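In the two assemblies presented below, subunit A is common to both, partnered first by subunit B and then by subunit C.
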Partner chain A sequence: MARLIRTEKEIEGRYTEQWILVEEDTLDQWPAGPLDEVGRPASRIDGRQRATGDARYTADVQLPGILHAAVLRSPHARARVARLDLQPAREAPGVRGALGPLAEEANYHGQAIAAVAADTIAQAQAAVELIDVDWEPLEPLLDPDEAVRQGALVSQRESERGDVERGFEEADVVVEAEYRTQTVLHNSMETHQAVTDWETDDRLTVYISTQAIWEVREAIAEHYGLPPDHVRVVCRFMGGGFGAKNGPGDYTYIAADLARETGRPVKCALTRREENLDSGNRNATIQRLRAGARADGTLTALEGEFVNATGWDGWLSSTGGPMEMLYACENVRIVERGAKLNTAPMKAFRAPGFVEGTFGLECLMDELAARLDLDPLELRQRNHSDDDAVDGRPFSSKKLVECYRRAQPHWERRDEVRARSEGPWRHGIGMASQIWYGGGGPPSYAWVRVGADARAAVLTAMQDIGTGTATAMAQIAAEELGLPLDRIDVSLGDSARGPYAVTSAGSSTVPSMGPAVRAAAADAAHQILEIAAQRFDVELRVLSLQGGRIVSADGGSWPLEEITGLLESGQILGKGSRGPNPAGMRILTFGVQVAEVSVDVETGEVRVGRVVAIHDVGRVINPLGASSQVEGGIIQGLGHTLSEERLLDPRSGGVLTQTLDSYRMPTIADMPEIVTDLVDAPDEHLTNLGSKGLGEPPIVPTAAAIANAIRDATGADVRSLPITRDEMLRALREARERTPERVGAPAA
Partner chain B sequence: MFELLVNGQRHDVDAPVGTSLAHVLREQLGLTGTKVACNEGHCGACTVQVDGVPILSCLTLVHTVSGQAVTTIEGLRDHPLVDAFVRSDALQCGFCTPGQIVSAAALVAANPSPSREEIRHGMAGNICRCGTYPKIEEAILSWQG
Partner chain C sequence: MRHANAHPNALELLRPESIEAASSSLGDGSVALAGGTEVVPQLRDGILEAERLVQLDDVVPRGIDERRIGAGTRLTELEASGEVPAVLREACRLSASPQLRAMGTIGGNLLQATRCWYWRLHYPCRLHGGERCFAREGVHREHAIFGNGFCASAHPSDPAAALLALGTTLRTNRRELPIAELYRLPTENDRSTTTLENGEIILELEYEQPLASTYLKAMDRQSWSFALVGVAAARFESGTRIGLAGVAPIPWPLDAPAALERATPLPQTAYKVEIATALVRRALEAIA
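The block that comes next holds the complex of A and B.
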């Protein structure tokens, strides 16, 4: 029977309450450990399609009569559009339509102001150059601290528990430091893009590179006043998102408006340079932090003032979250401010806020350990939080202590590694802890269809953004149906071909979709067994599905086709939904990373040799895909730590890094050795699977682990990302002035 | 009108001077396996081979390769590297993957058993934002099965 219940939903730390409809979900969790399909390494079910280039991305969509849009973007960080004349562009060869001005004032470099649709992209780009526009440049606001002084805020959050002043009075040691993190860009390999096709006046199909099929459908339907079912959103394959593709974006509206004007399908695809101007970013932060502790290491107070350089628009990602949540500390005060600046709006980027905040907090913890002369791992263990530090709720599961235990042998190599230092090269090991969300939640639905050929199809309108979720869903369905993996198909990526599915954000796809797929498969399996019980005249309770057969505990066994084959064109249809999260519990992911680095104290070069990643994300569905997620997170974290930075001209606010040679992402040559160790214990309170998400946790602690390894190697406190040679040499100079014997004089 | 030889097939191509090879492959010949990710020669996604040498098709003017043998990912469908990439999970979103495999195929053609160091040198021009590098290295080390 369906029940209506009120439940708490969380995505990337933002909680809302909502009503959901729940079917009875009576499935017990599977036992821990590898099963027939779940828990075993599986290569991607769509791997060959992607590898051979057969996979069709939005970039590959071709429609009859398609037009290509190009966009005029503001060259100024802030300027009034005094006059804009589209006529010269409209008269250019191949041009079929034009739009603009899209705004009266541009508020960041790269903001879309006008657009043109033409037969070819070259014609559209040439025509954009002909748009006659008079700009009236205005003074941009670029400095986050100045924005805070002026009260120019996107939003602000303050919270305090306990008595922070008293906490600092009780401390034997207080450390205080300012940390800064830079603006980084997602730079997915497939740029933001959409193809829009009005099939009738009130029916629109949108092909789009998105993480959020249903959010796009909702937003487009609302914008154009259409019934949501008249908007079809298709994203079969997509070339990366990392948080920047959680909604339609103005390129989609530009394409749809031009398509309506011209009566033809229109594609609007950002160029790589546009991608670097206006597709979202991980905002820069300034973190002014203070920690107090007793001599034994017990934290007595934590305090943080955080300024996020949010940009012209966006939301306040919680940079203070790790400080509030990671450790048992009674007295914590957080102030977070999002500065409204004349820079491109931020968007979620793989654990938004927590990547930045963990860098500050976990570096501060190591500085505290140094002052207390305590082992940094020991300091963290002493302040372990058994219940949620914010409101005392129990965790649905938490295996951070086990992560620390597994980190121990890697951590113990410290003295040996440091002793290998020779000449200008100093070696060291550092660590950092990880806390983040990842529990997922309802609503999410799936259907499972079994045909006469005894193959099964999972149907759900979710998206696989590259994480391998389609393969995980196939493994779950295969396990429940007792079928080998190669007899499962997964149909996804089309709002017209399956029920509602969760956005692929907040590490929520597997924990939200997995239980729904299992429930749908169980529904189908139950129907098959009921038919089999009648057909073979055996009791239902002795029957099960195993290895593609219907198996009786009494010894009988029949190929699945003997039942499904009776149906001819008929089908067994199962449906399933994601149940609620456990009431009154906090669902989080945890982990530890241990990094090994080498620093050349003469040149400031930093090399990361090894990262050990130990994470607790509940049950692991696919260990192979999971290790890929961990490696990908760490490699992105490596870029964040050492080389990536969107640079602005400090006077004009113009973006200087618009190409992939100036915006430097890691290559295969920069790759450290990565060791993945997942605890793989099902969360017994969470759903019929016990799985949490893994997309984001691995990037959270990487920067701090590397910075702490640098301190171990050299005694220098790096406090600003990226750790360029300039920053490394600055930190070394500062450390040398403080303790000359520890760092040693460079040879030169 | 000029002749282009792609994956062993001859095509008569008509394109304005200044057109890139990537554009003709994708828009005229329907060979969309070749991806364009930056369109200015910085990322390697559009890599194809010309007479066995990996080149960036977004920067290569199509008229300059007339008469030479162009090999795209569609011409490497049966190369053991395809299976090796899938087996090793050396792809995530997959957008850079065809370019990675085309580069890797040129690498192993010249050097069937490359060392880790040689793989890193040979593949450093192909960016993967998902960070599949450890698995790419594994795939190339084990490409012969």
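The block that comes next holds the complex of A and C.
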């Protein structure tokens, strides 16, 4: 039965109270462990398409008469547009339309100010150069601390539980440190882009690289005053999003406005350089942290002041979240401030806030362990929180203790690894815990269609951000229908084909969509069995679907086609929806990573040899897809830790790293051995699947685990990301001045 | 800061059949093209402006003949050659990416421009003829520790450092010269970093055979990254020569390890002296 409930909905740690239509989730969970399809490694159902180039991305969309848009972007971090003349651009060869000025004042380097549509992209780019602009440059605000002093804030949040001052008074040991994280970019393989096509005056089709086709539909419909059903949003395949593609972005409006002006479809695709200027980022942070503990390691107080370099726009990602949530501590005070700067707006980036905050908190915990002379793993276990640390709610499930148990053998190699240090190369092991959301929620819907040929199609207007969720959905439908995986098709990525589905953000796709797909498949299966019961004159309750057959408990067995084949072109249609989340419970994901590093103390080179990733995300649908997710998260985390940084000229605010040779993402040669170990225990309170999301958890603890391993190897406190050679050598110098015997002087 | 070429399709490609024809067609809007790994991006970014490209493939020698290397030889060929000394092989292997090494020629590699982001992004810096060194006042962690008084840029070529250590002589269509004389520090009156004249084309390189040699490179990741510090060292009967990459606006010969004490690092590049000190010591140990 459908119910309308008012409940909190969470995406990436942002809770909103809203009305949600839910249907009861009446299916029992499957037993734990591998089943016929679910829980077994499956290669991607669309892997061949992707590998051969048959997969059509937004970049591949070609429509008759299509025009290409190029964008004039501000070369200044802050400037007034005193005058802008599009006429020279309009008169250039091939130009069909132009827009601008899009703003009276540019507030960051790369902000879109005007745009041109032409027959070819080269013509459009050449025409953009002809736009006549008078800029009046203004002094940009670039320093986050200065912005806080001036009160230039995007937003701020303060929270306190217990009595922090008393907590610090009760502490035997207090540690205090400042941590900094840098601005990093998503740099998806497919840049942000959209193709817009006005079918009529009031019907628009948008092909777009997005992880949120329904949010794009909503935003576009509102912007142009259209009925939402007149906006069709298509994203069949996408080359990465990582949080940066949760909405339409100005490029979509530019394309749609130019399409309306010219009466032709328009593509607006960011170049790699534009992608590095204005497509979102993980904002830099400054974290001033303090922790107090008793001699036995019990935390008595935690305090954090966080400054997020949010940029000109964006939201306050919760950098303080891990400090509030990870450990049982009665007294916690958090102040988060988002500095409004003349820099490009941040966007969500794979566990926004928590990646940054976990770096600070988990490094601080190791510094605390050193002061207390306690084993860092032991310190974490002693402060384990059995219930939600914020409000005492029970967890729907939490297997962090099991993660710690599984980490033990890797952790115990510490002495042996450290003893391998030779010459300038020092070896060490570090760890960090992970906490993050990932429970998903309603609403989300799916249909399952079974045809005469006994093949099934999953229809839902979700998108596969590139993580293989389509394959996971096929496995779930196959399991419920008793069909082999190769008899399942998945149709997704089109708001006009299939029902509403959740955005692919906040590690929510599998936990939101999986239960809906299972419910739809179960509905279809039930209908098939009802027909079979009538046709074969057996009792419904003895029938089931197995291996592509209808099987009766009393011995009968018929190929599925014997029933579905009767339908000819007719079909069986099952419908399913995501049930509610368990009331009064906190749904989170947990984990721990153990990193092994080598540091050349003379040249500052850091090599990560091995990362063991142990995570609790409930039931694992596809172990192969899951290990790929973990590997991807750690690779991205490694770049964040060691080499990636968007650099600004400190005077002008101009972005210096606009290409992939200066913005340094790791290469395959930088990869450590990655060991994935998922607890794979269904969350018994969560939906008919017991699965949580895995998109974000693997990147959360990586930086802290590596930094702690560096401390273990060298005694140097690296408190600033990225740990490039200069930062590593600086930290080593500082440590040498402090404790000469531990670090050792270079041989020279 | 963008200056896209307004007529990207209007480029003419010339394929001269003699070195004389190639030489006389250079200049006045014509730019030499070999592997294209540097010229093409510079054209695309509007750093280099050209009406014609003069393809040198048919006129510049390619291949390795004992101690002589054709300037058109690809880095991949040097990297895989059993004949060339380890220092050059390693310098090639640690350069760029496999794709770039398969295209890029050794002659072109010697002439590549700095990766200084200010220069690459058209800031009106001294190297572009302007009045200021933006790097010195701004972000310069990848920049020079020697010869940086006028311009703080760092020269990116690994092979150039190796060829310096190997005492290489270059033959152009006009002269023979030691590789060190190919380079000059930019000055107020002349902002160029090479002494190559208009119409002059590097044809061949001839190195001295060392008794032992090595190349060590510090970079931000394990592959496809320019040298923060590259150290080339080669030992001969007559003594040892050291060449450095990534530490000065031009490939930098180091007379002796002690010369590192005369480095003039900027605030963000002091660490490079530390790295260079360690790598020079290691290189000398490796070839001792």
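In the analysis below, the second predicted complex is superposed on the first by the 747 of 748 C-alpha atoms of A that agree within 3 Å, B and C clash if a C-alpha of one lies under 4 Å from a C-alpha of the other, contacts with A are read in each partner's own complex, and residues count from 1 in each chain.
Please note the rule applied: a residue touches a chain if its C-beta (ideal position, glycine included) is under 8 Å from a C-beta of that chain, and two chains touch if they have at least 3 such contacts.
This is a predicted model, so every value here is computed, not measured.
Placing subunit B and subunit C on a common subunit A by superposition gives a fit, with no clash between them. After overlaying the two complexes on the shared chain, residue contacts for A:D661 are found with subunit B and with subunit C alike.
Judged by the touch definition given at the top, the superposed model places A:G632 against subunit B, while subunit C stays out of reach. Residue contacts after overlaying the shared chain place A:A669 against subunit B and subunit C alike.
After overlaying the two complexes on the shared chain, residue contacts for A:L84 are found with neither subunit B nor subunit C. Once chain A of one complex is fitted onto chain A of the other, the partner contacts of A:L729 are limited to subunit C, with no touch recorded for subunit B.
With both complexes placed on chain A, subunit A has more residues touched by B than by the other of subunit B and subunit C. Residue contacts after overlaying the shared chain place A:G47 against subunit B, while subunit C stays out of touching range. In the superposition on chain A, A:V390 makes contact with neither subunit B nor subunit C. Subunit B and subunit C never share a C-alpha pair closer than 5 Å once the two structures are laid over each other. Common to the subunit B and subunit C interfaces on subunit A are residues 659, 661, 666-669.
On the side of subunit C, the complex with subunit A involves touching residues 1-4, 6-9, 115, 117-118, 120-121, 123, 134, 137-139, 141, 218, 220-226, 228, 268, 271, 274-275, 277-279, 281.
Those residues of subunit A lying in contact with subunit B across their complex are 43-44, 47-57, 59-60, 186-191, 237-240, 242, 271-272, 465-468, 624-625, 627-628, 631-636, 659-661, 665-669, 671, 674.
On the side of subunit B, the complex with subunit A involves touching residues 26, 31-40, 42-43, 45, 72-74, 77, 82-83, 85-89, 91-98, 101, 119-121, 123-137. Within the complex formed with subunit C, the residues of subunit A that make contact are 75, 122, 125-126, 128-130, 424, 602-605, 642-643, 647-651, 654, 656-659, 661-662, 664, 666-670, 724-726, 729-730, 746, 748.
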